[in-house]
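Listed after this line are the structures, all set down as structure tokens.
What follows is a pair of complexes built around chain A, which joins chain B in one and chain C in the other.
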Partner chain A sequence: MKHLKFITILLFFVVLAGSTFAGDKEDVGAIINKAWDAFNSKDYQTFFTYSADDFEMFTGVSTPLLHIGKPHMMEYVNSFSSLPLVTYNQQQNTIRIYNGNTAVVNGYFVFTVVGKDGNVTNQSGRNSTTLVKQNGKWLIVNIHFSPMF
Partner chain B sequence: MKLTSLFVAMILVAFLCQGFSTVLLAQSSTEDEIISLTYKLWKAENESDMATRNKYVADDYTEFNQSYSTRIDGRTKNFNLSDASNAGGKSLADEMLNPKVQVYGDVAILTYNFAGVIKDASGKVIPSKAKSTRVYVKMNGTWKLVHANFGMDPNND
Partner chain C sequence: MKYFKLIIILLFVAILTGNSFAGDKEDVQALANKTAEAFNQHNFTTYWSYFTDDNTEFPYVVSPLRHDAAMWKNFIEGTANLAYVNYHEQDYEVQIYNGDAAVVTGYYTFTWMEKGGMMNFQSGRASFFAVKQKGKWLIAHMHFSKMF
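Here is the complex of A and B:
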């Protein structure tokens, strides 16, 4: 009987822990989708709300340098606003949660830019995004885009 | 009374300053630890020191690199591929330029421009460049590498 109680309690905690992590994964997945949906709608102000103030980013192939800090990233993203079309689509995401407060998301992306002259540029690559839960809210703290070979 | 209040205020300010500087020192010490750990991993790779590599690289480590388009999942698969591709060659220098460490408690993200020199199997000495991001998570008191993105430097030949 004692064993049964112990196993029941243990099962309860295992299920609880599992559902907690499943919840985190879903939450993180939703954040990623909402952030890029906002980007694709050119709602950059909303897009920025998903990233932390001390956000850092390595972009694709354009520069070897890190975009240090959120203002630098915002300036870069805002520069797309005058272009006819800029879209980012990410697929095959895998999400790993560590210690309940860190999420590592990896996926593959296609970044499409239509210039003012009508020229279309497509760039595909790999994305590494790290999110950290701060005051109960998941925020993107780092993104690294690297080109597909 | 005024003197007592002033004294108490000064003590409070001193405690706050000390607390703040302790936080800054802890942050700075973690940054140094993460950078130093990365150099240690490079040395372990060059010397085939599996004990050190296994200690600081997580089982579920994943990597994006310049040799393969898609993600390589798992420490074993990563080690097999990187060891095989380095066979016959030798790293002459591994350096980290512009390192930046973001620390959030038990997670640390290191970004840097990799600069290295390799002697390949034919004896040719070539530079190696990359834009690198490493994600470390502290597990049971030990920092472990859980993911890395070693992207191409746009100025690569």
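Here is the complex of A and C:
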């Protein structure tokens, strides 16, 4: 009986510790999900809090050239606000952590835009996202989107 | 004259120090250049020495799917069957984070000739992520995509 109590308490702490101190992979996965949830809700101010000031991006629409700096990305993202519906869904993510402070996430996405005229366009492609831990917080520093071919 | 000598010695030391301890950006730039050079020369042993064991890639030829290290090895070493390959990248942007991670973006041209003499050309965007492991910069991920 004494052993059973001890094991139960031990198990309780193990479960608690696991929940409280989620690993870096889980943290990064959560950041990716929260960022795109914010984007899909058109809560762009929240979306921007997940990226670093020196953010860079290759998009799959608009221009093939590199977006340099967060203001450039913000201008691009804000341009979606006037559209009736814009959704981004990413799946089959692989997450790798290096040195405890950098993460590389790869996945496949579907990007859907409903224009003001009601036309729906879908784009599917590949995504590479790099995140860096700065002052204890994971921030997106680079995204490369490219269409499937 | 005494000051002149001192200035010369100081300048010499400054130049020597600069060469011996190139910054991370220069090291990562050198990694990009050496990787392309090894690929163009079909020097695969050297090429693989620039990658982490768990590297992944999104290529822009053959298949759009994510390649793991084994798939990338098959793809790269398959280019040995080509008569000629040339990968050239330019307009690099190198960002260093925490002194042990780097993101590199640029634009590339890729030219290859099949054994029958058929020439192919592709241009696009490239980004790669490198990480410093045991003091050495290694590529962990590459992503290539077309211009549009």
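The rule is short, and it goes like this: the second predicted complex is superposed on the first by the 125 of 149 C-alpha atoms of A that agree within 3 Å, B and C clash if a C-alpha of one lies under 4 Å from a C-alpha of the other, contacts with A are read in each partner's own complex, and residues count from 1 in each chain.
By our rule, a contact is a pair of C-beta atoms (placed from the backbone, for glycine too) under 8 Å apart; a residue touches a chain by one contact, two chains touch by 3 or more.
No experiment lies behind these values; they were computed from the predicted model shown.
Applying the stated clash criterion after superposition on chain A shows that chain B and chain C collide. Once chain A of one complex is fitted onto chain A of the other, the partner contacts of A:Y44 are absent, as it touches neither chain B nor chain C.
In the superposition on chain A, contact of A:F80 is made with neither chain B nor chain C. Shared interface residues of chain A (contacting chain B in one complex, chain C in the other): 54, 56, 58, 64, 66, 68, 94, 96, 98-99, 101-102, 104, 106, 126, 128, 130, 132, 134, 141-142, 144-149. Remark: chain A residues 54, 56, 58, 60, 64, 66, 68, 94, 96, 98-99, 101-102, 104, 106, 126, 128, 130, 132-134, 141-142, 144-149 touch chain C in the complex. Only residues 60, 62, 64, 66-71, 98, 100, 102, 104-107, 109, 111, 113, 129, 131, 133, 135, 137-139, 146-147, 149-155 of chain B touch chain A when the two sit together in their complex. Here chain C touches chain A in the complex through residues 54, 56, 58, 60, 64, 66, 93, 95, 97-98, 100-101, 103, 105, 125, 127, 129, 131-133, 140-141, 143-148, going by the rule given at the top. Chain A meets chain B in the complex at residues 54, 56, 58, 61-66, 68, 94, 96, 98-99, 101-102, 104, 106, 108, 126, 128, 130, 132, 134, 141-142, 144-149.
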